[in-house]
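What follows is a set of structures to go through.
Each of the next two complexes has chain A plus one other chain: chain B in the first, chain C in the second.
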Partner chain A sequence: MPKTPILRPEDTIHSPSRRAALRTLGAGGAAAATLPLWARYAGAQSAAPIRLGFEMHATGIGAAYGRWYERTSIAAVKAINAAGGINGREVVMVTEDDGTDPKRAAEVVEKFATQHKVDLAFGTLFSNVVMAAAPRAGELKMPYFVVSEGHHVASGKLNRWTVQPGITDVKSQVLAMAPFVAGNLGKKVTMIYPDYAFGYDHRDNFPPAMKAHGGEVIAQIAIPPTETSFTKYFAKIPRETEVIYHVLVGPAVLTFVKEMGEFFGPSRPEIFGFIDSIEAVDLNSPGLEFLEGTYFWEGNPRYAQKDQTAFDKAYRKAVGVDDNGASVADPKDVSTYAHMFGCWETLYIIKQGMEAAGYKDAGDRQKLIEAVEEIGKIPASDQHPQGDKVFNGKTHQVFGHQYVSKVAKGRLDVVHTSTIEDGMYPDEVDYTTQSF
Partner chain B sequence: MPRVLCLLLPLIALPGRAAAHASEQAVVLLLPTGFYVAGGVASVVLTVLLVSVLPDRWALSLFRPLALGRSGGRGGAGPLWTSAAVFLALGLLCVIGEIGPETPVRNPLPQAVWTVFWVAIVLWQGIVGDIWRWVNPWSGPYALVRRLGARPLLRYPRWLGHWPGLASFLAFAAVLLAHPAPADPDQLAPMVAIYWAVHFAGMVVFGPKWRRRAEGLTVLMTNYARLAAVSKARGRWRLGLPGWRYLRFAPPPVALAVTMLVALAVGSFDGLNETFLWLGWIGQNPLEFGGRSAVVAQNLWGLVGACAALTAVFAATVWLGAQLAGAPGTFATSFRRLAPAILPIALGYHFAHYMPSFLVDIQYTIRTASDPLGLGWNLFGTAGLYVTTGFFNTVDTVRVIFLAEAGAVVIGHVVAIAMSHALAVGLHRSHRKAAISQIPLATFMVAYTLFGLWLLASPRGA
Partner chain C sequence: MEFGPHLMLAVLEGALQAAVLALMASGLSLVFGVMRVVNVAHGEFYMLGAVGAWGVTSFLGISPILGFAAALVVAPVLVGLLAAAVDVTVLKRLSYDPERTIVATIGLLYVLQQATLMTYGADARPVAEPFSARIALPWVEWKDGLQLFWPWGLYTTGYRLFVIAAAVAVLVGLGLVMKHTRLGLMMRATQADGEIAAAFGIPVERVYAMVFGLGAGLAALAGVLIVPITQAHYLMGGDALLMSFIVVIIGGLGSLGGTLVAAVLIGLSEGVISVFFSPTLAKILATLLVAFVLIFRPQGLFGKAAR
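Entry: the complex of A and B
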């Protein structure tokens, strides 16, 4: 596939790590060395860049997400620097690959703190990776901004140093869907989910929420993670089912959808799913024709909508995503649009927190966390293109709008936007009472 | 063909594993892979039947090369100069590995090792011809040391044979398969430097024979070079069916024969260890894979097991073949003589297994070439190259990739069967005996085709 090189945000932002060492190799060395000593150090305290450690799933099973999380983060850093940086200082990103590997993630966090001397770390997605690395960040007293949508932060399992201010958690997403499902699709729901932690967040949180809205989950079908053939499970769906709620992930999802279509034929119940199943998958992939007329939760609408905000428009342009949620460089390369905005928004929260805290160096890390805990309301803006939000300082978790889209003519059209309150639930932890 | 399908169905229906998001594998699962697999296996079965019934001279003539133009000498000092340049580049890459960009997608060292060398150069070596002579990082520096007057301190012990080469290749394979972060530039740089230094020291002490017998990658590359279609012989370039040169060589010594089998075992296990099936066996949830650090021991044992199992099964089929042919005394010779026939299969696997990741990683490599130090350079105008994986998203492109992989596996087996039959004819001097002796090995190769194609079609999670 010959491709014309296209100028991307990557062109202008480069990992600055070990740049000092490299300058002796590169052309910059000569210039730096010719400066008088006083000039090299004058103002270093205020002019030194802010160093943000980006923990990237560059290899391993999270690499597809990692690519887009990196593109989004690079674009955000570029935009922040173009607008004067943070507290007037340049922001540089130090990227390390964690291999989507929990053990390596803890090592990366340590490397960030001890070797790269970053101010904080951010960007981790996979829940099992976050769970392994966050305790190390806590021990090192390093702010750890995760972008994982896991409920692990708000559940109280982590620590004062770990926050999730850029993306809502799965519990909130699930709760916010119940009013729409019960009010528009049907009262009797059968859930189909993968039989491990990711699926359990749905299994445990959706039934009580449905009940609260006059609906009922009449069957729960857990699919073993290694399953690749589904027809036998469809036979277990009760006849009176009005809505199927599905949230499968992995390479078998297209097969799942295809077999579901074959099983039901034209007379199917309403179908509601989570976009996680087909994140980064072309909606026009084979087997997905059956999705026409079904509904999806989206964290951020993949297709530009008729009432697209100026914020979304600017954000797409900055990241290099077209109106179909695919790369402007290759329309077949579909982005992880429902999740990656979390990196963009997290970086702006970091900026806001650092500026509120008057952040100077690692000695102010505690002040940064305290400032972020105080953020509260977050209006929709170029900095927060997914929509307005509320950050709960006690649970370290942000809450926001969720979108329901209907598949129509091979694209996703938003038919419902939840309120922020739809996704709220009682606090399960108060991190502010914990010591640093 | 229906019978083959019946055999296949239970395999295709085996529980699979899943990656974090659906892409190429998801589309592959929708392709009619059952038919592709059946077609591939049928082609191999047909090859077995053909070489069994057709006159031997036909099989032998397949391996008689066509003479092309006159070949020059051995390239004079050219390969030494290029080798020296590669050595310098490798040294620089190791430095960049240590102090350059931290991620494998932006650092040129892992890209040079795992994409350029391990995929592109290895395939070139086996398909086109001996490029390793030009790009290995030892022969140039060693020539310089000789030039400076150094002479081997010791004679390479004859009894060691190629066994150190086998051990050295297994060490490389252990890093490839079981190291938690083989692409992490920080960790790869010292491994590359140590591997180079150990073998260079071996050459200084024992002379160039060390490299040919004890350096695992050169042993592998020499094996593959002899497989290549184009080669020099008696003053001319000659083009033949891959493997034609092996019909002219004396059988390899046992250790060298085992390295040929190990090449296939390593390639096969590198596919198997990603499947849902394997992950299920070792208790890993493929949708929430615990990462390479969680499976170091399993991959090491798997590697050892795969090498042992493949060697044992190969030996058993050769032994049984010798018994059936009524020539039990030929077992030892047959084992050595027939082992090179495994190489085309190993090469086919190599192509099939690495092709998808190569298509992505080579883009990173091209991008990094413009800015190898991560300083914002744009040396070749490719620093802004957009690395796409869009071709994993459409049926047409995924089908092409899948069929190319499956084709490589099938062609590898077809060549292997023709080659082993021709080698057996040389051993037994009788068509009937040769054909009978091949029944167990050919059956094994048919089964291995099925296994290889199943690997390609089954879901992967690690």
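Entry: the complex of A and C
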């Protein structure tokens, strides 16, 4: 290892000549990489790193998502640090497992605030977990950036400290999908969804959207999230069903889809699923052959498309995902590609917000939330590889494009991309009028 | 779905559940009957069987049917040996004291579960079905004479039928061993009275280790059989343990015959109720039945009252 100059932080901060020298060094990235960490961020007001608490579903039913949310977040933090951190300060991620357990999640938020002394917390996915933890984050006055898809943020059920700037919510997704389902697949729909908050967003928002496009939901089947056997639920599907609308999460999703195939045998109706039902599952697993010709909503296309953007290409590379949406290291380790971009984009929103607010320490948390509320239009870029978006500062929810993909030859090809407006709906809350 | 095919589907679902439940619960019941140990870690042996099946099939990497056949033998034997080792190193040292063994097996539950989480991970991993024939089933209806038709969704798979057949075969085998072999005689003697059995020269300690291993092996076997249908996951033991306890309490702790009858009763009723009403209602009713049995017939439907 080459010898690096010995610099004390106070030298670098108060002596302009040193700082100028450092900047020259910083221009050559390779040279910067050999410096001690504090020296790389020496241009900042304070050399102390910014600490982001990552609430991870490392264990429990959300583990597959947790693993990939973590990989994505680590990659994003690495990229942010390589480009000089936030406000010139290094970003450090503090990870805690919440076991995908609502009760534990509230404790994790508390631990972040009191023990780890993080600047903010982010990364929670499962909506029941968000519902349990967000109120505690609000009480602790700690910004809570969720990556959950739940409509709970925009519905007004949470608080001013909770924002969802990295991923669209279920209500928006469902509104954008209804015209496609009614127009291309059929009018009589049977819905299958998980029996908790996330599933209820589907249950409550899809039928009116379908009705608006001349369709009808003829049956709704709720499945407990810990269920392991599904044929008994499929038996409730009415005979006249033209389209199955399915969305499920948890460790048993593969069984769910496989049993659906066995149930219908050779005479299946049209099937439209949310990719959640096979997220982190290899599309070519035995028993899934019947999915050929069915449709999936995707938040971000798992398979690299013909018109793949340079942004998606760079993002895939940074996270370590191949063109089939699986880990570069292990092609059997399929990612949660349709969701995990939310972590990447959320971290860049945090960066943007902190830099706009001139964020220094926990005392500026309120300024950070106010800065994020102001963000508005978000162009597609390396920071936002899923596509352009609009952040609604009043409802704390981001809106973006949705994709419909068809299973063809064992891969997912995008056949429809919705506009941002397809997923818009009237505001249900104005968080900016609430006090901090 | 029409009522007839719907009922038939429910019964098929229930039969599968009953078969797996019967295997698992008979292991729990055997351990309690002979050793008077309430094995709270029983569900984890079931989980280990499933995880072991994943390990064996992916380690061998051969055709699904050969890999699965190997798993069917290797996983239960390994789990059985592990359990026998636990018996010798832990339960024996507690002198099989009923209260302390409950606490010890609770500890064992967490050790096994967390060790699996730390090594195997938190994912649910699939094991390919050794054979996967979907069998559509016909139904008859009266339309200008008797007619066969093939309703939507009335099916089973070759593998499901195999699980049911395998469970029946193993349980019949277990019954024969208990009744007609020297080994079975030793177990029954130990069950009747350990001290007198020891006085007659039966190596009671070895019988205990074997029974604990056998009980765990049965749970593991159930795990291996179910894993191509449901995938292996480190938390899968919890529900299975609860259902086994329900079955064993209703059937009568320590009564193998009672356990089988209760497994069929609970499995089938769960299948039928969850298909026609809701799975939650099926669980509520099963738990309610346990409460009634405990109040009105604490020794279980087929158990003998304590002497």
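Of note:
Here, the second predicted complex is superposed on the first by the 343 of 436 C-alpha atoms of A that agree within 3 Å, B and C clash if a C-alpha of one lies under 4 Å from a C-alpha of the other, contacts with A are read in each partner's own complex, and residues count from 1 in each chain.
Heads up, the rule we're going with is that a residue touches a chain if its C-beta (ideal position, glycine included) is under 8 Å from a C-beta of that chain, and two chains touch if they have at least 3 such contacts.
None of the values given here were measured: they were computed from a predicted structure.
Of the two partner chains placed by superposition, only chain B is touched by A:197; chain C is not. In the superposed pair of complexes, A:367 makes contact with neither chain B nor chain C. Residue contacts after overlaying the shared chain place A:278 against chain B, while chain C stays out of touching range. Ranking chain B and chain C by residues of chain A touched puts B first.
When both complexes are overlaid on chain A, the residue A:252 reaches chain B and chain C alike.
Once the two complexes are overlaid on the shared chain, A:331 sits against chain B while remaining clear of chain C. Once the two complexes are overlaid on the shared chain, A:239 sits against chain C while remaining clear of chain B.
In the overlay built on the shared chain, the residue A:231 is in contact with chain C alone; chain B does not reach it. By the document's definition of touching, both partners, chain B and chain C, reach A:287.
After overlaying the two complexes on the shared chain, residue contacts for A:267 are found with chain C alone; chain B is out of touch. Where the contact sets of chain A with chain B and with chain C meet, they give residues 58-61, 64, 67, 224, 226-229, 251-252, 254-255, 280, 285-287.
Interface residues of chain A facing chain C in the complex, by the touch rule stated above, are 58-61, 63-64, 66-67, 224, 226-229, 231-232, 234-237, 239, 251-252, 254-255, 262-265, 267, 280, 285-287. Those residues of chain B that touch chain A in the complex are listed here as 13, 15-23, 25-30, 95, 99-106, 180-181, 183-184, 276, 279-280, 285-294, 371, 373-378, 381-391, 393-395, 397, 459-462.
Residues 1, 3, 5-8, 10-12, 14-15, 17-19, 21-23, 25-28, 56, 58-62, 64-65, 67, 94-97, 99-104, 126-129, 194, 196-198, 224-229, 249-255, 258, 276-282, 285-287, 320, 326-327, 329-334, 336 of chain A touch chain B in their complex. Touching chain A in their complex are the following residues of chain C: 1, 6, 9-10, 13, 17, 117, 121-124, 126, 128-129, 132, 134, 136, 152-153, 155, 157, 229-231, 233, 235-236, 239, 271, 274-275, 279-280.
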